[in-house]
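Each of the two complexes below includes subunit A, the first together with subunit B, the second together with subunit C.
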Partner chain A sequence: MRRVRLGEPGTAWLFLTPALVLLAGMLLYPIFYTLWVSMSDFDLATFQPTGWVGWRNYEAVLNDPGFLESLRVTAVYLVIALPLQMVLGFAIAFLLNVPWRGRGVLRALFLIPMVVAPVVAGGVWRMLLDPLWGVVNYTLGLVGIGPVEWIGDPVLAMASVIIIDTWRWTPFVVLIASAGIMALPGDVYEAAKSDGAGRWATLRHVTLPLLVPVMAAAFVVRWLGAVKMFDIALAATKGGPGNATNVVNLYIYEKGFRSLEFGSASSMATIVLVVTMLITFVLFRVSRRLENRW
Partner chain B sequence: MVRRYAAIAGAILVTLAFLFPVLYMVSISFKLPKDIFTVPPRWLGEFTLDNYVSYFHQARILPRIVNTIIIAVGASAISMIAGSMAGYALSRMRMRGAGVVGGLILASRAVPPIALVVPLFLVARKLGLTDQYITVILAYVTFLVPYVVWLMRAFFRGLPKELEEAAMIDGCSRFGAFFRVIVPTSITGLVSTLIFCIILAWEELLFALILTNDRAVTIPVAIAGIAADTEKGGMWGPLAAVGVLTVLPVVVFALLVQKYLIKGLADGATKG
Partner chain C sequence: MKSTRLVAAVAVLGLAVAACGSSAEEVPADGGGLGTAQQPVSIRVIANDAFAKQWQDKLVPEFNKKYPNIKVTIDGIPYNDQLAKTMLELTGTTATYDAVLADDPWIPQLAKTGALYDLKGQELAKWNDPEYDWADFHATPLAAGEWEGKQYAVPVRSNLLLMFYNKSLYKKAGVAEPTDETTWEQYFADAQKLVQDTDGDGKTDSWAVGTYFTKDPLTPTVWQTVLNSDGGKLLDDKMQVAFAGEAGVKALQTQVDLLKYAPPGASTYQFNEPLEAFRQGKTATMFMWGSVFKGTAVDKETTTLTPEEVGITTMPAGTAGPGAHRGIWSAGISKKSEHPAAAWTWLQWVTSKQGEQFVGKEFGTFPARNSTLDGTPPADWAGPVYQALKDGYEVASKGQMWRPRLPESDAVQQILALQTSRAMSGQATSQQAIDQAAKEITELLKTKGYGQ
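== the complex of A and B ==
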């Protein structure tokens, strides 16, 4: 792999320096700072970490039912929302792929939910889902359902957060899937046709396998966004009712900046960091393997 | 044939369903409370600009929009310069440790912002830098730089090497070749990446919430505040109006450059 000709390692490092300096100062240093705070006693009088306490903060947060609950809530959100968005996204992409004059316009319009700021999305959907004045409940009422307490019921509040997140992010999957579908090689279909493969057989045995790399890539990118989810829950449900939609990012934010428990907030953040990096690493590996296999 | 028309009808319906919340927000933003809180809901009521006028001064929405523009543009500019240079080095040059450095930069894309929030707040507070543009800008660099590196590395890989080799044979340095040859030919990739950066910075909430409290407050923070007030009732109109103003510029932007945007998105996801 190593090539000698375009060596000039000095120049290469010069090109890398600005990014490395920024990331070292704003990313690496804060991570170590978080580790330090997570292992010390935080003195609110001087607003500084003071005594070294080792793993004590970690023991405390691992015995904190609120933290464990927020991890569970986050897991439920991820396990439902991500597959849902993948399936919907690819299904809609197939619908949008039917050639006709308005296809480009529809694809462009699909960009719109994606660029609605998450806080705005949360706020608007709160109105749509309002039990009294919301359009959703009115419509459900027409067919005899309801009134549904969307934000007030623990299970439905989680459903609401997932609906909002899915509304905002499915278009992203649609766009990536569309690009993938358009890039499919035509001759394979000729071959499938001449072999007498039907519509479903072609989809199952030709199209979907060819799309596996795109699916893997879309999933990884969507995962990277979803683990950071914070604003939609804050704007739509504030983590409630109770802790029903209190995703871990929201829980840590409140521990740190409402209760000023910086020590435990930092240990929780460290745990989240480690878990996220590990899962991301595994996903990357799997995704790379899938891309190479097909 | 029937199948095809059914698919087209389905596509149009799905698109409308996805647009509905945005249209609904626009409709609410031009309505008075008496037309908002009705059963059945009304699409059109008495037209009013009240939501855009009366509340805006009180909540200082315009200065907040200006703050958000300054921060989004500043953070995006810094990230674009640093990120595209790094992306170029990683896509073209070979040196010892490149794999490790590249891997680390790309891995930093997976760092959850919540892991940075406590130290950024504490250090900013200690240095007296809370509530200042530069602090928020530097915080945003943490997620924008990895993003730019990721996208631009994929983009530069798609360019033929002959481009800068020709320039360098003509006596250009590597820097000269980059700025005079690579940057101009990569304008589409750079612009779509820049737009992503601006959009991401425009809607960021967590860092802004923690690092600002008055002068540098951004529009998402203001919206989160209004959304919290909405629980008391009656704030739907103003919330929708601020929402429309927040979304409108980005939508216009996105639609203007949609072709590059879609291509950039797809390439960034699959060629990473």
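== the complex of A and C ==
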């Protein structure tokens, strides 16, 4: 009896097959289904995509001022929240890296926001920021400030969403940054010290360049998390007032699951997917270039 | 030898599979009827999470006193997810739920799936309770479950947007209590005095009004009611926008102006916040769903107020009369139900005179039957409340005070919610918000094949 030998690539493919089948089912099928829906008329009576409409849904959403506004709102949120979380995260990680009493407790406490469900976080912060009952306005009132309409004012509502998101996700950056800082090679620092480098010079010319790969990785991971944010906005502001905090995923969710406009919602989701992939590709290229530079 | 074994194994497997689906286990056409002690029937109901637990804990045991062999499970779904989940349920290939609950404007959309029984039709007639009295229902709540001449659902929790007022705060401000003849002009004149310092410490601690102000599909119902009480409509009979004029702008501006007399932070008020403010004695009036009356005036664990302190009447009058806004939860039976007899029996019991009186007494739920409205109230507090409800039903019917009745109702309400929020937050004037809402709704209805 002849035994069939698969060889190394064959064996690899054999072991990969279950994962590939699972991925295809869980990832590719929904993506292709979304594409199909985005180019169809969605019949609510059967809850199925029916007639082929080509690019009609795409044309409609690209002319939808609400969708374009939600893209702008998302950009504002990302441009402010991501750098803020990165700077805060790394700064706190540096502080936690210095030996001092109680830093272990603080490290543990930092993990709490990450394990709080986003909807709960949004709801709790909404209560904290309430002008009549909330503790934040009460405290501000003691020094003669307020009452401040944190959620009711369009500008402050965006600030509130960024604050909540930063409270929730900065610990994640702290965690990654701490791991990176602890893995830095000690001999490089000894060399810098013997060369007479001061604290700032060491930070600027040794620590930060060595941490670039970690920063890049943390940024990309946070970018991918932040771009799909909608739960905090939903729980805290419902995207309001008006469209002030209506991030694109919340807009798509409401179009799809409240207005039941599945054709438009799928077109928007596809556009966001393509844009996200393009920006992620650029981010990967930039981070690789930065790693090579240092 | 090997192939014989294989054939035998396949045959055994085939027999086993066939046995599993044999007629001995087949469910009869009525889904097992009303069940027996040995073989009870189980049904599931998709309901709103605001009252699902109440129903499961108290209503189902009461039902089981009469029908012990029908096991009922009530699943509560958050309001914002309920329509989409129900649509998926009704259009799916298999049924999880035997009965579905729907808010007032959802019925056309759910009925359009073709997956709901006509409750007055022939298909369910063989399981009709002979004592079930359709004629006893008040026409206003019953109409919520009707679409294109068929009765797809029956009222299980009737509701109206009404005006609550705190008599103590009115007295303290030296203002006469509102009646069903109070106009919006009079209301605003009173509102200025109702923003007051009640404990004399020099700081305002009580405000005139609380209601929906945030970005929510229910927020526009306030100005829609103002529009209706001036004789206006959202959509005309041809399903064309009818609010894009002076009347629409005036109605929306009325709601925007209310915010001036509301507590700090009221622009984020949804359902719970104005309710809590009123129950804590922070607001003198509240435009809210009437069914919260018991929790607002009677139940000591949820309110600081007493039934003597809380008044309820229709919303202030416009040029055509007072206002109210219909919001009826109705229930229908899924055609995919495997137990239609049990499901329809359950629904008939819940909406029977007996069932309605039970929920009225236990939960303070508003009735839809004339016999309950005109009969002995379940408690002293219910007398004036039922009177306000009857007045409200008449007013709502007369002014067609409900959300648009078409399958795209929720999409229309979403557009109105966004534009109302823009006006409330000052991102747009009332005129701009109304114009934009009119434009978007016209475009939406056009794409859905309505002549515009």
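The rule is simple: the second predicted complex is superposed on the first by the 283 of 294 C-alpha atoms of A that agree within 3 Å, B and C clash if a C-alpha of one lies under 4 Å from a C-alpha of the other, contacts with A are read in each partner's own complex, and residues count from 1 in each chain.
We take it that a residue touches a chain if its C-beta (ideal position, glycine included) is under 8 Å from a C-beta of that chain, and two chains touch if they have at least 3 such contacts.
Being a predicted model, the structure only gives us computed values, none of them experimental.
**Student:** Please indicate which partner A:Phe257 is in contact with in the superposed arrangement: first for subunit B, second for subunit C, both, or neither.
**Tutor:** both
**Student:** Taking the superposition on A as described, I'd like to know which of subunit B and subunit C A:Ala179 touches: first, second, both or neither.
**Tutor:** first
**Student:** Name the contact category of A:Ala117: first (subunit B only), second (subunit C only), both, or neither.
**Tutor:** After superposing on A, A:Ala117 lies in contact with subunit B but is clear of subunit C.
**Student:** Looking at subunit A, which partner touches more of its residues: subunit C or subunit B?
**Tutor:** Of subunit B and subunit C, more residues of subunit A lie in contact with B.
**Student:** By the touch definition at the top of the document, which applies to A:Val79: first (subunit B), second (subunit C), both, or neither?
**Tutor:** In the superposition, A:Val79 contacts neither subunit B nor subunit C.
**Student:** For A:Glu149, select first, second, both or neither according to whether it touches subunit B, subunit C, the two together, or no partner.
**Tutor:** second
**Student:** Which partner chains sit in contact with A:Val286 here, subunit B, subunit C, both or neither? Use first/second/both/neither.
**Tutor:** Touch status of A:Val286: no partner.
**Student:** Considering only the touch criterion stated at the top, classify A:Lys228 as touching first (subunit B), second (subunit C), both, or neither.
**Tutor:** A:Lys228 contacts subunit B only, not subunit C.
**Student:** Touching A:Leu20, do we find subunit B (first), subunit C (second), both, or neither?
**Tutor:** Only subunit B; A:Leu20 stays clear of subunit C.
**Student:** So, does A:Leu62 touch the first partner subunit B, the second partner subunit C, both, or neither?
**Tutor:** neither
**Student:** Could you list which residues of subunit A make contact with subunit B in one structure and with subunit C in the other?
**Tutor:** On subunit A, the residues that contact subunit B in one structure and subunit C in the other are 47-48, 126, 132, 238, 256-257.
**Student:** Which of the residues in subunit A end up touching subunit C in this complex?
**Tutor:** Interface residues on the subunit A side: 44-48, 60, 66, 126, 130-132, 134, 137, 147, 149, 151-154, 237-244, 254, 256-261.
**Student:** Mind listing the subunit C positions that touch subunit A in their complex?
**Tutor:** Checking each residue of subunit C against subunit A gives 80-81, 83-84, 87-88, 91-92, 109, 112-114, 214-217, 263-268, 273, 277, 282, 407, 410-411, 414, 418, 421-422, 424-428, 447.
**Student:** Quick check: in the complex, which residue numbers of subunit B touch subunit A?
**Tutor:** 4, 7-8, 10-12, 14-15, 18-19, 21-22, 24-25, 28, 36-41, 78, 81-83, 85-86, 88-90, 92-96, 98, 101, 105, 107-123, 125-126, 138-139, 141-142, 145-146, 149, 173-175, 178, 199, 202-203, 205-206, 209-210, 219-220, 223-224, 226-228, 230, 236, 239-240, 242-243, 246-247, 250-251, 253-255, 258, 261-263, 265-266, 268-270, 272
**Student:** Write out the stretch or stretches of subunit A touching subunit B in their complex.
**Tutor:** Against subunit B, the touching part of subunit A is residues 2-4, 6-9, 11-16, 18-20, 22-23, 25-27, 29-31, 33-34, 37, 47-48, 92, 95-96, 98, 100, 102-103, 106-128, 132-133, 135, 138, 167, 170-172, 175-176, 178-180, 213-214, 217-218, 220-221, 224, 227-228, 230-231, 234-235, 238, 248-249, 252-253, 256-257, 262, 265-266, 269-270, 272-273, 276-277, 280-281.
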